[in-house]
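Below are two complexes that have chain A in common, paired first with chain B and then with chain C.
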Partner chain A sequence: MEGIWGNLGIVYALLGAAAAVFLAGAGSAIGVGIAGQAASGVVAEDPNQFAKVLIMQLLPGTQGIYGLLVGFITLSKIGLLGGSLAAIDPQTGLMILAACLPIGIVGLISGKYQGMTSAAAIGIVAKKPDQFGKAMLFPAMVETYAILALLISILSVSNISVA
Partner chain B sequence: MTDIRYTYAVARIRALEVSLFNKAAIDQLMACETEQQCLQFLSEKGWGDVNASLDVEAMMECEEAKIWKVMEEVAVDMSVFDVLSYPNLFHNLKAAIKEVCTETENPGIFYDDCSISGAEMLDIVRKKEFSRLPANMVAVAQEAYDTLLHTRDGQLCDVIIDKATLDAVYAAGKAAKDDIVRDYAESTVAIADIKIAVRSQKTGKSLDFMKRAMAECNSISVDQLSKAALSGADAIREYLMGTAYSEGAKALDESSSAFERWCDNRMMQTMQPQKYESFSVGPLFAYVLARENEIKTIRIILSGKQNGFSDEAIRERVREMYV
Partner chain C sequence: MAVLQMQRISICALKTERKAILEKIQSLGVMEINHVLDEDQDFQKMDTASQRSSFEKAANTADQALAILQEYVPVKQSMLSSLAGKDLVEQKKFRESVSRKEETLKNAKQLVRLNKSIAEKKANILKLENDQEALTPWLPLDIPMNYSGTTHTAMLLGTMPGAMTLEDIYGAIAENAPDAAGTDVQIITAEQDTTYLTVICHRKDETAVEDALRSKGFAKPTQVTHHVPSRKKELLEGKIKQLNTEITDIESQIKGLDSKRADLKLMSDYYRIRADKYQVLGDIPQSQRTFLISGYVPGNAVELMKKEIGERFDCVIDMEEVKEEEDMPILLKNNKFSESVDGVLASYGLPQRHEFDPTTIMSFFYVFFFGMMLSDAAYGAIIAIACFIVLKKFPRMEKGMSKMIRMFMFCGISTVCWGILFGGYFGDVITVVAKTFFDTDIVVPALWFVPLNNPMKLLVYSLAFGVIHLFVGLGIKGYSLIKQKKYLDAVCDVGLWFLFLLGLLVMLIPSDLFASIAQVKIVFPAAVTAFGKYGTIAGALGLLLMSGRSSKNPGLRLALGAYDLYNITGWLSDVLSYSRLLALGLATGVIASVVNQMGSMAGKGVFGALMFALIFLVGHALNMAINILGAYVHTNRLQYVEFFGKFYEGGGRAFEPFKENTKYVDIKEEH
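For the complex of A and B:
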């Protein structure tokens, strides 16, 4: 019964790391893609706005970084990065998987909606470039919830005891 | 309805909206003393072709072409704009029927920027091959052709085709997925009905004539409006006060040109919510109408300057801008 069935704890923990990286990264890719389309539309008519719209486009990119961070912490926790895998029972593995889910799920949803808000805010920059500061606040608000999810994921993964 | 396919297009339109004329730009244009100064001002604002001479018609044609060039570049689905070409398409039918029935030739009366060009429309009418027309034009083409041929009544022919145009616009609005097309169709038909009622009242037309000319829509009751028009101008105002078009009643009180101006302003007001849309075809649709409204307003100002109208008389006809 060795192999996967004998290492279910590690499998669950790795699934958690994968979910954090994959879901949050997908959210960022969708968000940056949406905001990038809007940024391209503005730069096509007014190349002077390149720097401002580029910052707007990058805002939804943070979720992917948060997912990566939680992924790293998880891999470090289970000893995969150090080269000596910890002995993790299935129950602990499931706990790590559950701990990774907040940043994964919230990263996916907030990444998409932050991208949409960034695209709308890019519309403000297109019409009133001097309102860049105010325009940036709207997509930045969405970031709050990704940070909250990141905190919970980091705290949870860090505080799960691994033998 | 959120549709992220239009994200690029809407952002590009937002950047283009900056160059739309606002009230201040119109005031600057009004301050120009001669038509030549106006053209110079427009040229400095990027209107027309920089390499061409300052000519009103060439400049306006160039600006019209620019609208559709931008739309072809950004629009995901150009069929959304079909409804805007219906008036030109039905005009071509009207012009072709009149040319064929009166056996005259009048070059330059057709629009070529729609799905059936003038030459093709003439060919269809001459050969009476009405089945080559879109389905919503077949019956009306036959009816208008027979009517003009047998009665020689040009106005009746116009009424038949104009009503069919409104019906086609309204049907396209009903069938459209996008709210903006529905709103455009509703406003177009309602405003056209109000115009028919006002003009019919002034020229003493019968109830039958009005009912034949007006098209059904949600926001206006053809029956009540035509009966009001039969009773007089006050009855039209009274009826309009109870509808979403109460501003029209106030404009009617002012003057005929104020009423005509309100008709165009009302459409721009219908488009105003599109300024805050980011993920739909609405801002593109509104931009096309805003540019057409802008070109129309510039034409009015240039024509007023050309004919020596007073600033007051021109201002009375200046339309509200989108931005």
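For the complex of A and C:
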């Protein structure tokens, strides 16, 4: 490979890290935002429920962390953090990009839907504060798929060999 | 370990002793009142609603009075004070305080009254201030506002909309009342949208001039005073001042009642206890001279009841087993370690009467999985120590809360163990600090292995732990079925599944797929391999034939069997769900190293060290908080969905004994 196309490997890899962080982060931001609106409504009526609804609001926040996780592993993999960039050919770079996509895309979508589920679960807490344990479970169900995506992203990124 | 067996206790005693007996039962707090006898000619219930509501009202008044005291004489409460629990009060002190209850109630009413009068006075002040506001534009006027004029002249006083000039007003008068001569207009205050003015005219022209002005929007003020406005203002100010002094006075009266706080609390609880007692009293059937009370008592409290009630009072106590069709309340008995997680179980649902109590088994898995997901020795130590201190500092903490904190303490200890196994101490802080500040390379070795270096290995272990957890769940189902003597169900619904799943596992482990994941090739002896093959086939066939055994139709039976066999996908997803053990464990470690790396970016030196300390504190606090939350939520999920899904139904009703349900204090038992 010659010219600019041959040197784009590192760019693809970084794009992967960026996609993991910004997509999953955006998903979490949307989710936490949705849940936060519901939480504020509950606290306005009953300030005693603050701790419980805060936990509920935080539940969709994990996707952003998973994205950060994959982004960080990718950055350390390509040597951006150590200061010495690894030589990455376009094929490896694109592989890293592909490896980052699951957590990015699933993080975005599941973050949003987990937020909506959290908002509904906050409704349970508002009406029946003693059912907190069950209410917490519904948003956790959505998160399962983010965890599965995270798993595949981590496994693929850490198993791609970089010279 | 188990659901406590309840006994139905029935006590029949003399009516003259009913209150003493009820009080004793209430202070023992081991009996749930539940009546089976309906009213008839001889036994009738008593109406206690009016007494009850008067007691509840008294308790409420005391609560209100306490809230008022808290408003005017706030007692500082630290963040942790909600953990402190209720104070313990000696019987003697309680009785002493209760003997003053009339006076205390008077004080409580006094407090409520004082508070009301402050509120009224404040509303009054607000009104006076509004009056003052309305008066402000008239202040330059030096005659009383209701001055109507002399014998020959009339004075009109009012407002006109908009900013009017003298010319405008004179023009309006000249236009609409041309006959009125010698009219004098004075603008008192001109604002942007209102003009305040007085007009003096001949008394005979008064109507004409007023009509002329009205046509331009002239209006008389709603409130006129017979004082000169500035004088009126002084009067209003005087009144406000007066009210404020009165408020201060009342406030000091309220503060003077602060010493009654303890009495108010005790009185509130006293009336609360009495209200409960009267509710029960209203429920028990009474004949002319006797009464009958019946309910559930846990088996281990039967002797206590016999001793405390039977020996002290003239009564007949009858014990019997709880009948099968009765809705027996559930009370669990577990050891100190396992009972710490029973809040988790209760929030899913207590076991039913004959169901297996999974608390003990769950407690081990709970602590194990929590530690694995958090997996940082330093975080674990912080949690364990913090929980330990809180438990020691507040021995009288509310029971549910203290159990939960104990649970987190055990989880913290487990986290320390996993952290040591995986080599995580605030992530890799030792390595980073050594490198940044001392230029040396120190790597704290993991006792087992570092998950980030070998995620596949941890994945396999996570799934293996999952399989064990699920098999234990299925095993419990088998155990319960055998205990209920449903042997065929135990073999078909549990035994066949075990055969099928174990066979599949034995076939999977030597396969290339497994080898590529685990990076080890495992070869079983031929006999085991053969067991795998035939076990799987036998299990699958058995399930196909037996799962639909409730159906007589052979075609439908096979179809149901095939559908049950399809549940293998459920097993697959359940096992895969345990991969969160790996994912959450990695998340803690990696974010901790991100924090450390960020901290080290400022480099060496004092500034670098300061930056590091700051980032370290904030970053790790955040990481810890979010990962504790994650570990808690997902450990719960693994128990509720995967584990309980295999065998547990729940839906039992919690045991609610008739006891002294106090709000502020606990009353010490007398021995």
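The rule is short, and it goes like this: the second predicted complex is superposed on the first by the 157 of 163 C-alpha atoms of A that agree within 3 Å, B and C clash if a C-alpha of one lies under 4 Å from a C-alpha of the other, contacts with A are read in each partner's own complex, and residues count from 1 in each chain.
Definition applied: contacts are C-beta pairs under 8 Å (C-beta built on N, C-alpha and C of every residue); 3 or more make two chains touch, one makes a residue touch a chain.
What you are looking at is a predicted structure, and each value in this text was computed from that prediction instead of being measured.
Does chain B (first) or chain C (second) touch A:M116, or do both, or does neither?
It touches chain B, and chain C stays clear.
Taking the superposition as given, does A:L69 touch the first partner, chain B, the second, chain C, both, or neither?
second
Return first, second, both or neither, reflecting whether A:F132 touches chain B, chain C, both chains, or no partner chain.
In the superposed model, A:F132 contacts chain C only, not chain B.
More residues of chain A in touch with chain C or with chain B?
Tallying touched residues of chain A, the top partner is C.
Quick check for you: in the superposed arrangement, does A:D46 touch first (chain B), second (chain C), both or neither?
First partner only.
Mind sorting out which residues of chain A both chain B and chain C touch, each in its own complex?
none
Can you list the residues on chain A that touch chain C in the complex?
It comes out as residues 55, 58-59, 61-62, 65-66, 68-69, 72-73, 81, 130-134, 136-137, 140-141, 143-144, 147-148, 150-151, 154-155, 158-159.
Spell out the residues on chain A that touch chain B in their complex, using ranges where they run on.
Residue positions touching the partner: 34, 37-42, 44-46, 49, 116, 119-120, 122-123, 126-127.
For chain C, which residues count as touching chain A in their complex?
344, 346-348, 452, 455-456, 459, 576-577, 579-580, 582-584, 586-587, 590-591, 593-594, 597, 626, 629-630, 633-634, 636-637, 640-641
Touching chain A in the complex: which residues of chain B?
2, 4, 7-18, 74, 278-279
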